Amino acid sequence: MSALRVLVQREDIDVGAELARLEALGGGGLASFTGIVRGEGGMAMLELEHHPGMTGKVMRDIAEQAAERWTLAGVTVIHRYGELRAGERIVLTAAAARHRHAALEACAFLIDWLKTEAPFWKKEHFADGRSAWVESRSSDTAATDRWRP
Amino acid sequence: MSALRVLVQREDIDVGAELARLEALGGGGLASFTGIVRGEGGMAMLELEHHPGMTGKVMRDIAEQAAERWTLAGVTVIHRYGELRAGERIVLTAAAARHRHAALEACAFLIDWLKTEAPFWKKEHFADGRSAWVESRSSDTAATDRWRP
Amino acid sequence: MAIDLLYFAGIREAIGLSGERVDPPASVARIVDLVDWLVERGNGYVAAFADRTRLRAAIDDRFVDLTASLAGAREIALFPPVTGGAA
Amino acid sequence: MAIDLLYFAGIREAIGLSGERVDPPASVARIVDLVDWLVERGNGYVAAFADRTRLRAAIDDRFVDLTASLAGAREIALFPPVTGGAA
(Lines give C-alpha, C1' and ligand atoms only; values in the text may rest on other atoms or scores of the structure.)
Protein backbone atom coordinates (compact mmCIF):
# COMPACT_ATOMS: atom_id res chain seq x y z
CA MET A 1 0.00 0.00 0.00
CA SER A 2 1.34 3.37 -1.03
CA ALA A 3 0.44 6.59 0.75
CA LEU A 4 -1.19 8.80 -1.90
CA ARG A 5 -1.40 12.56 -1.45
CA VAL A 6 -3.23 14.45 -4.21
CA LEU A 7 -3.98 18.16 -3.98
CA VAL A 8 -5.41 20.81 -6.32
CA GLN A 9 -4.84 24.19 -4.76
CA ARG A 10 -4.51 27.91 -5.39
CA GLU A 11 -1.78 28.32 -2.72
CA ASP A 12 1.95 27.89 -3.22
CA ILE A 13 3.52 24.44 -2.78
CA ASP A 14 5.89 23.97 0.19
CA VAL A 15 8.30 21.59 -1.55
CA GLY A 16 10.56 21.10 1.47
CA ALA A 17 7.63 20.13 3.70
CA GLU A 18 6.11 17.85 1.05
CA LEU A 19 9.39 15.99 0.48
CA ALA A 20 10.00 15.69 4.25
CA ARG A 21 6.58 14.02 4.53
CA LEU A 22 7.57 11.44 1.90
CA GLU A 23 11.03 10.94 3.44
CA ALA A 24 9.35 9.97 6.70
CA LEU A 25 7.80 6.93 4.99
CA GLY A 26 11.21 5.25 5.14
CA GLY A 27 11.45 4.46 1.44
CA GLY A 28 15.18 4.91 1.02
CA GLY A 29 14.91 7.00 -2.13
CA LEU A 30 12.78 9.98 -3.03
CA ALA A 31 12.44 11.60 -6.45
CA SER A 32 10.65 14.84 -7.19
CA PHE A 33 9.81 17.09 -10.11
CA THR A 34 8.79 20.73 -9.66
CA GLY A 35 7.41 22.78 -12.53
CA ILE A 36 8.11 26.51 -12.46
CA VAL A 37 6.49 29.30 -14.51
CA ARG A 38 8.98 30.56 -17.09
CA GLY A 39 8.88 34.28 -17.82
CA GLU A 40 9.86 34.06 -21.48
CA GLY A 41 8.87 36.42 -24.28
CA GLY A 42 7.56 39.12 -21.96
CA MET A 43 5.04 36.84 -20.25
CA ALA A 44 3.80 38.62 -17.13
CA MET A 45 1.22 36.19 -15.76
CA LEU A 46 0.08 32.64 -16.37
CA GLU A 47 -3.59 31.90 -15.79
CA LEU A 48 -4.37 28.28 -14.95
CA GLU A 49 -7.97 27.20 -15.41
CA HIS A 50 -9.18 23.73 -14.45
CA HIS A 51 -12.29 21.53 -14.33
CA PRO A 52 -12.89 21.56 -10.56
CA GLY A 53 -15.13 18.50 -10.48
CA MET A 54 -12.75 16.39 -12.48
CA THR A 55 -9.18 17.44 -11.69
CA GLY A 56 -8.84 15.73 -8.33
CA LYS A 57 -10.30 12.47 -9.66
CA VAL A 58 -7.98 12.39 -12.67
CA MET A 59 -4.94 13.22 -10.54
CA ARG A 60 -5.82 10.53 -8.01
CA ASP A 61 -6.26 8.05 -10.85
CA ILE A 62 -2.80 8.93 -12.21
CA ALA A 63 -1.26 8.55 -8.74
CA GLU A 64 -2.93 5.15 -8.34
CA GLN A 65 -1.61 4.02 -11.70
CA ALA A 66 1.94 4.94 -10.61
CA ALA A 67 1.45 3.05 -7.35
CA GLU A 68 0.30 -0.04 -9.26
CA ARG A 69 3.15 0.11 -11.72
CA TRP A 70 6.05 0.57 -9.30
CA THR A 71 6.59 -0.50 -5.70
CA LEU A 72 6.30 2.83 -3.95
CA ALA A 73 6.15 3.87 -0.31
CA GLY A 74 4.31 7.05 -1.23
CA VAL A 75 3.23 9.35 -4.04
CA THR A 76 2.51 13.09 -3.88
CA VAL A 77 0.92 15.08 -6.71
CA ILE A 78 0.06 18.75 -6.24
CA HIS A 79 -1.13 21.05 -9.04
CA ARG A 80 -1.93 24.73 -8.64
CA TYR A 81 -4.56 26.78 -10.43
CA GLY A 82 -5.25 30.50 -10.60
CA GLU A 83 -2.90 33.35 -11.51
CA LEU A 84 0.82 32.55 -11.37
CA ARG A 85 3.79 34.85 -12.01
CA ALA A 86 7.16 33.93 -13.53
CA GLY A 87 9.25 31.94 -11.05
CA GLU A 88 6.24 30.54 -9.18
CA ARG A 89 5.72 26.80 -8.76
CA ILE A 90 2.92 25.20 -10.82
CA VAL A 91 3.18 21.53 -10.05
CA LEU A 92 4.98 19.00 -7.86
CA THR A 93 5.19 15.28 -8.46
CA ALA A 94 7.15 13.11 -6.05
CA ALA A 95 7.55 9.42 -5.27
CA ALA A 96 9.30 7.56 -2.45
CA ALA A 97 10.53 4.01 -3.01
CA ARG A 98 12.97 1.41 -1.80
CA HIS A 99 14.75 1.52 -5.16
CA ARG A 100 15.90 4.74 -6.74
CA HIS A 101 14.88 3.84 -10.29
CA ALA A 102 11.30 3.13 -9.18
CA ALA A 103 11.13 6.56 -7.54
CA LEU A 104 12.65 8.35 -10.54
CA GLU A 105 10.58 6.56 -13.16
CA ALA A 106 7.33 7.01 -11.22
CA CYS A 107 8.08 10.72 -10.92
CA ALA A 108 8.64 11.04 -14.69
CA PHE A 109 5.48 9.02 -15.38
CA LEU A 110 3.43 11.29 -13.09
CA ILE A 111 4.50 14.53 -14.74
CA ASP A 112 4.14 13.14 -18.28
CA TRP A 113 0.59 11.94 -17.57
CA LEU A 114 -0.43 15.09 -15.73
CA LYS A 115 0.49 17.15 -18.78
CA THR A 116 -1.77 15.26 -21.16
CA GLU A 117 -4.48 13.84 -18.87
CA ALA A 118 -5.23 16.38 -16.16
CA PRO A 119 -7.89 18.97 -17.14
CA PHE A 120 -5.86 22.16 -16.80
CA TRP A 121 -5.56 24.94 -19.38
CA LYS A 122 -2.95 27.66 -19.43
CA LYS A 123 -3.36 31.20 -20.70
CA GLU A 124 -0.35 33.47 -21.05
CA HIS A 125 -0.81 37.17 -20.30
CA PHE A 126 1.95 39.39 -21.69
CA ALA A 127 3.27 42.70 -20.41
CA ASP A 128 1.98 44.48 -23.55
CA GLY A 129 -1.62 43.43 -22.81
CA ARG A 130 -1.85 40.50 -25.24
CA SER A 131 -2.99 37.11 -23.99
CA ALA A 132 -3.20 33.67 -25.59
CA TRP A 133 -4.14 30.14 -24.63
CA VAL A 134 -1.19 27.75 -24.66
CA GLU A 135 -1.54 25.13 -27.40
CA SER A 136 -1.03 21.47 -26.57
CA ARG A 137 2.13 19.93 -27.98
CA SER A 138 2.47 16.62 -29.79
CA SER A 139 5.78 16.06 -27.94
CA ASP A 140 3.78 15.89 -24.70
CA THR A 141 1.41 13.28 -26.12
CA ALA A 142 4.42 11.28 -27.30
CA ALA A 143 5.94 11.50 -23.80
CA THR A 144 2.76 10.04 -22.30
CA ASP A 145 2.52 7.38 -25.01
CA ARG A 146 5.94 5.96 -24.09
CA TRP A 147 4.41 4.69 -20.82
CA ARG A 148 1.56 2.86 -22.56
CA PRO A 149 1.76 -0.94 -22.79
CA MET B 1 26.74 27.55 -18.80
CA SER B 2 25.19 25.61 -15.94
CA ALA B 3 25.54 26.62 -12.31
CA LEU B 4 27.26 23.70 -10.57
CA ARG B 5 27.02 23.24 -6.81
CA VAL B 6 28.99 20.32 -5.38
CA LEU B 7 29.33 19.71 -1.66
CA VAL B 8 30.76 16.96 0.54
CA GLN B 9 29.67 17.59 4.09
CA ARG B 10 29.04 16.05 7.50
CA GLU B 11 25.96 18.23 8.14
CA ASP B 12 22.39 17.46 7.12
CA ILE B 13 21.14 18.56 3.70
CA ASP B 14 18.46 21.30 3.62
CA VAL B 15 16.55 19.94 0.62
CA GLY B 16 13.98 22.75 0.54
CA ALA B 17 16.67 25.44 0.50
CA GLU B 18 18.75 23.61 -2.11
CA LEU B 19 15.79 23.17 -4.45
CA ALA B 20 14.72 26.81 -3.97
CA ARG B 21 18.23 27.84 -5.06
CA LEU B 22 17.86 25.83 -8.28
CA GLU B 23 14.30 27.08 -8.87
CA ALA B 24 15.63 30.63 -8.83
CA LEU B 25 17.71 29.89 -11.94
CA GLY B 26 14.50 30.07 -13.99
CA GLY B 27 14.83 26.69 -15.63
CA GLY B 28 11.14 25.80 -15.76
CA GLY B 29 11.62 22.26 -14.45
CA LEU B 30 13.52 20.89 -11.50
CA ALA B 31 14.14 17.24 -10.69
CA SER B 32 15.66 15.92 -7.50
CA PHE B 33 16.64 12.64 -5.90
CA THR B 34 17.21 12.29 -2.14
CA GLY B 35 18.76 9.16 -0.65
CA ILE B 36 17.68 8.25 2.87
CA VAL B 37 19.27 5.76 5.29
CA ARG B 38 17.03 2.70 5.60
CA GLY B 39 16.85 1.10 9.02
CA GLU B 40 16.40 -2.46 7.85
CA GLY B 41 17.50 -5.64 9.61
CA GLY B 42 18.22 -3.93 12.90
CA MET B 43 20.71 -1.47 11.46
CA ALA B 44 21.31 1.25 14.05
CA MET B 45 23.92 3.44 12.34
CA LEU B 46 25.50 3.83 8.92
CA GLU B 47 29.12 4.96 8.82
CA LEU B 48 30.12 6.73 5.62
CA GLU B 49 33.85 6.95 4.95
CA HIS B 50 35.27 8.82 1.97
CA HIS B 51 38.55 9.82 0.30
CA PRO B 52 38.63 13.51 1.25
CA GLY B 53 41.15 14.59 -1.37
CA MET B 54 39.28 12.90 -4.19
CA THR B 55 35.56 13.02 -3.46
CA GLY B 56 34.94 16.65 -4.37
CA LYS B 57 36.88 16.31 -7.63
CA VAL B 58 35.01 13.18 -8.71
CA MET B 59 31.64 14.70 -7.81
CA ARG B 60 32.46 17.91 -9.71
CA ASP B 61 33.51 15.81 -12.69
CA ILE B 62 30.19 13.90 -12.60
CA ALA B 63 28.25 17.19 -12.37
CA GLU B 64 30.20 18.58 -15.35
CA GLN B 65 29.44 15.48 -17.38
CA ALA B 66 25.72 15.93 -16.70
CA ALA B 67 25.94 19.59 -17.73
CA GLU B 68 27.66 18.62 -20.99
CA ARG B 69 25.16 15.91 -21.77
CA TRP B 70 21.93 17.83 -21.15
CA THR B 71 21.04 21.51 -21.43
CA LEU B 72 20.76 22.41 -17.76
CA ALA B 73 20.32 25.68 -15.91
CA GLY B 74 21.93 24.21 -12.82
CA VAL B 75 23.12 21.06 -11.10
CA THR B 76 23.43 20.37 -7.36
CA VAL B 77 25.16 17.32 -5.91
CA ILE B 78 25.57 16.97 -2.13
CA HIS B 79 26.90 13.84 -0.42
CA ARG B 80 27.25 13.42 3.33
CA TYR B 81 29.89 11.47 5.25
CA GLY B 82 30.21 10.47 8.89
CA GLU B 83 27.72 8.65 11.11
CA LEU B 84 24.12 8.59 9.91
CA ARG B 85 21.02 7.11 11.58
CA ALA B 86 18.00 5.50 9.91
CA GLY B 87 15.82 8.17 8.29
CA GLU B 88 18.68 10.62 7.76
CA ARG B 89 19.52 11.98 4.31
CA ILE B 90 22.71 10.68 2.66
CA VAL B 91 22.74 12.30 -0.74
CA LEU B 92 20.92 14.84 -2.91
CA THR B 93 21.18 15.15 -6.67
CA ALA B 94 19.15 17.80 -8.46
CA ALA B 95 19.03 19.40 -11.89
CA ALA B 96 17.12 22.40 -13.26
CA ALA B 97 16.35 22.59 -16.97
CA ARG B 98 14.05 24.15 -19.52
CA HIS B 99 12.74 20.69 -20.44
CA ARG B 100 11.47 18.28 -17.83
CA HIS B 101 13.04 15.18 -19.38
CA ALA B 102 16.50 16.78 -19.34
CA ALA B 103 16.09 17.55 -15.63
CA LEU B 104 14.79 14.06 -14.78
CA GLU B 105 17.37 12.19 -16.85
CA ALA B 106 20.26 14.28 -15.54
CA CYS B 107 19.10 13.58 -12.01
CA ALA B 108 19.02 9.81 -12.63
CA PHE B 109 22.44 9.98 -14.33
CA LEU B 110 23.93 11.83 -11.35
CA ILE B 111 22.76 9.33 -8.74
CA ASP B 112 23.73 6.31 -10.85
CA TRP B 113 27.25 7.65 -11.40
CA LEU B 114 27.71 8.76 -7.79
CA LYS B 115 26.99 5.23 -6.62
CA THR B 116 29.74 3.64 -8.71
CA GLU B 117 32.25 6.47 -9.20
CA ALA B 118 32.36 8.55 -6.02
CA PRO B 119 34.84 7.26 -3.41
CA PHE B 120 32.47 6.60 -0.51
CA TRP B 121 32.26 3.41 1.54
CA LYS B 122 29.40 2.42 3.82
CA LYS B 123 29.61 0.38 7.00
CA GLU B 124 26.47 -0.84 8.71
CA HIS B 125 26.44 -0.96 12.51
CA PHE B 126 23.69 -3.13 13.97
CA ALA B 127 21.87 -2.86 17.28
CA ASP B 128 23.40 -6.16 18.46
CA GLY B 129 26.95 -4.81 18.08
CA ARG B 130 27.78 -6.42 14.73
CA SER B 131 29.10 -4.27 11.90
CA ALA B 132 29.86 -4.94 8.25
CA TRP B 133 31.02 -3.05 5.16
CA VAL B 134 28.36 -2.84 2.48
CA GLU B 135 29.34 -4.79 -0.63
CA SER B 136 29.12 -3.17 -4.05
CA ARG B 137 26.36 -4.50 -6.27
CA SER B 138 26.57 -5.47 -9.90
CA SER B 139 23.12 -3.89 -10.46
CA ASP B 140 24.68 -0.51 -9.62
CA THR B 141 27.47 -1.01 -12.14
CA ALA B 142 24.86 -1.98 -14.74
CA ALA B 143 22.88 1.18 -13.92
CA THR B 144 25.94 3.33 -14.59
CA ASP B 145 26.82 1.39 -17.73
CA ARG B 146 23.48 2.26 -19.33
CA TRP B 147 24.67 5.88 -19.61
CA ARG B 148 27.92 4.97 -21.41
CA PRO B 149 28.16 5.63 -25.14
CA MET C 1 -33.91 15.64 -20.73
CA ALA C 2 -31.93 18.51 -19.20
CA ILE C 3 -28.14 18.27 -19.21
CA ASP C 4 -25.61 20.57 -17.55
CA LEU C 5 -22.92 21.80 -19.90
CA LEU C 6 -19.54 23.12 -18.76
CA TYR C 7 -17.20 25.12 -21.03
CA PHE C 8 -13.50 25.65 -20.36
CA ALA C 9 -10.63 27.78 -21.68
CA GLY C 10 -11.04 29.05 -25.26
CA ILE C 11 -14.43 27.35 -25.63
CA ARG C 12 -15.70 29.18 -22.54
CA GLU C 13 -14.37 32.51 -23.82
CA ALA C 14 -15.83 32.09 -27.32
CA ILE C 15 -19.29 31.21 -25.98
CA GLY C 16 -19.10 33.75 -23.18
CA LEU C 17 -20.44 31.33 -20.56
CA SER C 18 -18.75 28.93 -18.15
CA GLY C 19 -21.78 26.65 -18.34
CA GLU C 20 -25.50 26.36 -18.97
CA ARG C 21 -28.38 23.90 -18.64
CA VAL C 22 -29.78 22.71 -21.98
CA ASP C 23 -32.61 20.42 -23.04
CA PRO C 24 -31.78 19.10 -26.52
CA PRO C 25 -34.29 17.13 -28.61
CA ALA C 26 -34.19 13.32 -28.66
CA SER C 27 -32.39 13.37 -32.03
CA VAL C 28 -29.26 14.65 -30.19
CA ALA C 29 -27.80 11.27 -29.26
CA ARG C 30 -24.05 11.79 -29.21
CA ILE C 31 -21.62 14.57 -28.22
CA VAL C 32 -21.08 15.47 -31.89
CA ASP C 33 -24.85 15.86 -32.31
CA LEU C 34 -24.96 18.11 -29.26
CA VAL C 35 -22.19 20.27 -30.69
CA ASP C 36 -24.00 20.53 -34.07
CA TRP C 37 -27.16 21.51 -32.20
CA LEU C 38 -25.30 24.19 -30.20
CA VAL C 39 -23.67 25.59 -33.36
CA GLU C 40 -27.13 26.31 -34.77
CA ARG C 41 -27.39 29.03 -32.13
CA GLY C 42 -24.84 31.01 -34.10
CA ASN C 43 -22.00 33.41 -33.35
CA GLY C 44 -20.09 32.41 -30.21
CA TYR C 45 -20.95 28.75 -30.60
CA VAL C 46 -19.80 28.75 -34.24
CA ALA C 47 -16.42 30.19 -33.22
CA ALA C 48 -16.09 27.89 -30.19
CA PHE C 49 -16.60 24.72 -32.22
CA ALA C 50 -15.03 25.78 -35.54
CA ASP C 51 -12.09 23.36 -35.17
CA ARG C 52 -13.41 19.96 -34.11
CA THR C 53 -9.88 18.47 -34.16
CA ARG C 54 -9.18 20.67 -31.13
CA LEU C 55 -12.33 19.76 -29.24
CA ARG C 56 -12.30 17.37 -26.29
CA ALA C 57 -15.12 16.25 -23.98
CA ALA C 58 -15.90 14.63 -20.66
CA ILE C 59 -19.15 13.07 -19.46
CA ASP C 60 -19.68 13.09 -15.70
CA ASP C 61 -15.97 13.79 -15.10
CA ARG C 62 -14.60 11.12 -17.46
CA PHE C 63 -12.88 11.85 -20.77
CA VAL C 64 -14.87 10.48 -23.72
CA ASP C 65 -14.65 10.49 -27.51
CA LEU C 66 -16.84 12.96 -29.39
CA THR C 67 -18.86 10.01 -30.69
CA ALA C 68 -19.84 9.00 -27.13
CA SER C 69 -23.56 8.60 -26.39
CA LEU C 70 -25.31 11.11 -24.15
CA ALA C 71 -27.53 8.40 -22.67
CA GLY C 72 -27.56 8.74 -18.89
CA ALA C 73 -25.25 11.78 -18.89
CA ARG C 74 -25.88 14.41 -16.24
CA GLU C 75 -22.97 16.78 -16.97
CA ILE C 76 -20.97 17.30 -20.15
CA ALA C 77 -17.76 19.31 -20.31
CA LEU C 78 -16.44 20.69 -23.61
CA PHE C 79 -12.88 22.03 -23.85
CA PRO C 80 -9.70 22.21 -25.94
CA PRO C 81 -6.80 19.74 -25.42
CA VAL C 82 -5.38 20.09 -21.89
CA THR C 83 -2.12 21.96 -21.25
CA GLY C 84 -1.33 21.51 -17.56
CA GLY C 85 1.92 20.52 -15.93
CA ALA C 86 5.09 22.40 -16.74
CA ALA C 87 8.26 22.54 -18.84
CA MET D 1 61.31 7.41 -4.06
CA ALA D 2 58.88 8.00 -1.19
CA ILE D 3 55.16 7.65 -1.91
CA ASP D 4 52.22 8.41 0.36
CA LEU D 5 49.75 5.54 0.66
CA LEU D 6 46.12 5.95 1.75
CA TYR D 7 43.94 3.05 2.85
CA PHE D 8 40.15 3.14 3.04
CA ALA D 9 37.28 1.06 4.42
CA GLY D 10 38.04 -2.66 4.87
CA ILE D 11 41.62 -2.24 3.59
CA ARG D 12 42.27 0.44 6.24
CA GLU D 13 40.81 -1.74 8.98
CA ALA D 14 42.77 -4.86 7.97
CA ILE D 15 46.07 -2.98 7.86
CA GLY D 16 45.25 -0.91 10.95
CA LEU D 17 46.44 2.34 9.37
CA SER D 18 44.69 5.06 7.38
CA GLY D 19 47.93 5.76 5.54
CA GLU D 20 51.72 5.64 5.59
CA ARG D 21 54.74 6.87 3.66
CA VAL D 22 56.74 4.09 1.95
CA ASP D 23 59.91 3.94 -0.14
CA PRO D 24 59.68 0.82 -2.30
CA PRO D 25 62.65 -0.47 -4.35
CA ALA D 26 62.91 0.40 -8.06
CA SER D 27 61.59 -3.06 -9.01
CA VAL D 28 58.16 -1.92 -7.76
CA ALA D 29 56.91 -0.37 -11.01
CA ARG D 30 53.13 -0.85 -10.99
CA ILE D 31 50.34 -0.84 -8.38
CA VAL D 32 50.21 -4.66 -8.43
CA ASP D 33 53.95 -4.75 -7.67
CA LEU D 34 53.40 -2.33 -4.79
CA VAL D 35 50.66 -4.55 -3.40
CA ASP D 36 52.88 -7.66 -3.69
CA TRP D 37 55.65 -5.76 -1.89
CA LEU D 38 53.26 -4.68 0.90
CA VAL D 39 51.95 -8.24 1.32
CA GLU D 40 55.50 -9.41 2.15
CA ARG D 41 55.11 -7.49 5.43
CA GLY D 42 52.66 -10.15 6.53
CA ASN D 43 49.51 -10.29 8.63
CA GLY D 44 47.30 -7.24 8.16
CA TYR D 45 48.57 -6.63 4.64
CA VAL D 46 47.95 -10.26 3.67
CA ALA D 47 44.35 -10.01 4.86
CA ALA D 48 43.83 -6.57 3.29
CA PHE D 49 44.92 -7.70 -0.16
CA ALA D 50 43.73 -11.34 -0.10
CA ASP D 51 41.02 -10.71 -2.74
CA ARG D 52 42.50 -8.71 -5.60
CA THR D 53 39.18 -8.79 -7.50
CA ARG D 54 37.85 -6.49 -4.79
CA LEU D 55 40.80 -4.11 -4.83
CA ARG D 56 40.60 -0.68 -6.45
CA ALA D 57 43.18 2.11 -6.65
CA ALA D 58 43.65 5.79 -7.36
CA ILE D 59 46.86 7.67 -8.16
CA ASP D 60 46.86 11.35 -7.23
CA ASP D 61 43.06 11.37 -6.90
CA ARG D 62 42.29 9.58 -10.18
CA PHE D 63 40.99 6.04 -10.46
CA VAL D 64 43.49 3.74 -12.19
CA ASP D 65 43.77 0.06 -13.09
CA LEU D 66 45.93 -2.11 -10.84
CA THR D 67 48.40 -2.43 -13.71
CA ALA D 68 48.99 1.35 -13.75
CA SER D 69 52.57 2.58 -13.48
CA LEU D 70 53.77 4.33 -10.30
CA ALA D 71 56.03 6.65 -12.30
CA GLY D 72 55.52 10.22 -11.09
CA ALA D 73 52.92 9.21 -8.48
CA ARG D 74 52.89 11.19 -5.24
CA GLU D 75 49.91 9.60 -3.52
CA ILE D 76 48.32 6.19 -3.99
CA ALA D 77 44.98 5.20 -2.51
CA LEU D 78 43.99 1.54 -2.10
CA PHE D 79 40.38 0.61 -1.33
CA PRO D 80 37.50 -1.79 -2.05
CA PRO D 81 34.81 -1.02 -4.68
CA VAL D 82 32.90 2.13 -3.72
CA THR D 83 29.41 1.95 -2.19
CA GLY D 84 28.18 5.55 -1.90
CA GLY D 85 24.86 7.02 -2.90
CA ALA D 86 21.64 5.45 -1.69
CA ALA D 87 18.78 3.03 -2.44
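Per-chain numbering from 1; labels A, B, C and D assigned in written order.
One rule holds for everything that comes next: a contact is a pair of C-beta atoms (placed from the backbone, for glycine too) under 8 Å apart; a residue touches a chain by one contact, two chains touch by 3 or more.
To keep track of the chains, here are their UniProt names: A, B = Molybdopterin synthase catalytic subunit; C, D = MoaD/ThiS family protein.
Here the structure is a predicted model, which means the values were calculated and not measured.
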item: Chain pair with the higher count of C-beta pairs in contact (B-D, B-C); value: B-D
item: Chain B-chain C separation of Cα centroids, rounded to whole Å; value: 49
item: Mean-CA-position distance for chain C and chain A (Å); value: 26
item: Sequence positions of chain C contacting 2 or more other chains; value: 85-87
item: Touching two or more other chains - residues of chain A; value: 27-29, 35-36, 38, 98, 100, 103, 111
item: Chain contact graph, described as a line, ring, star, complete graph or other shape; value: other
item: Pairwise chain contacts under the document criterion; value: A-B, A-C, A-D, B-C, B-D
item: Chain A residues within the chain D interface of the complex; value: 27-29, 97-100, 103
item: For the chain D and chain A complex, residues of the former touching the latter; value: 85-87
item: Sites on chain C touched by chain A in the complex; value: 6, 8-10, 12, 58, 61-63, 75, 77, 79-87
item: Residue ranges of chain B in contact with chain A within the complex; value: 14-17, 19-20, 23-24, 26-36, 38-39, 86-87, 89, 98, 100-101, 103-104, 107-108, 111, 143
item: In the complex, chain B residues that touch chain D; value: 35-38, 48-51, 53-54, 57-58, 79, 90-91, 111, 114-123, 133-136, 140
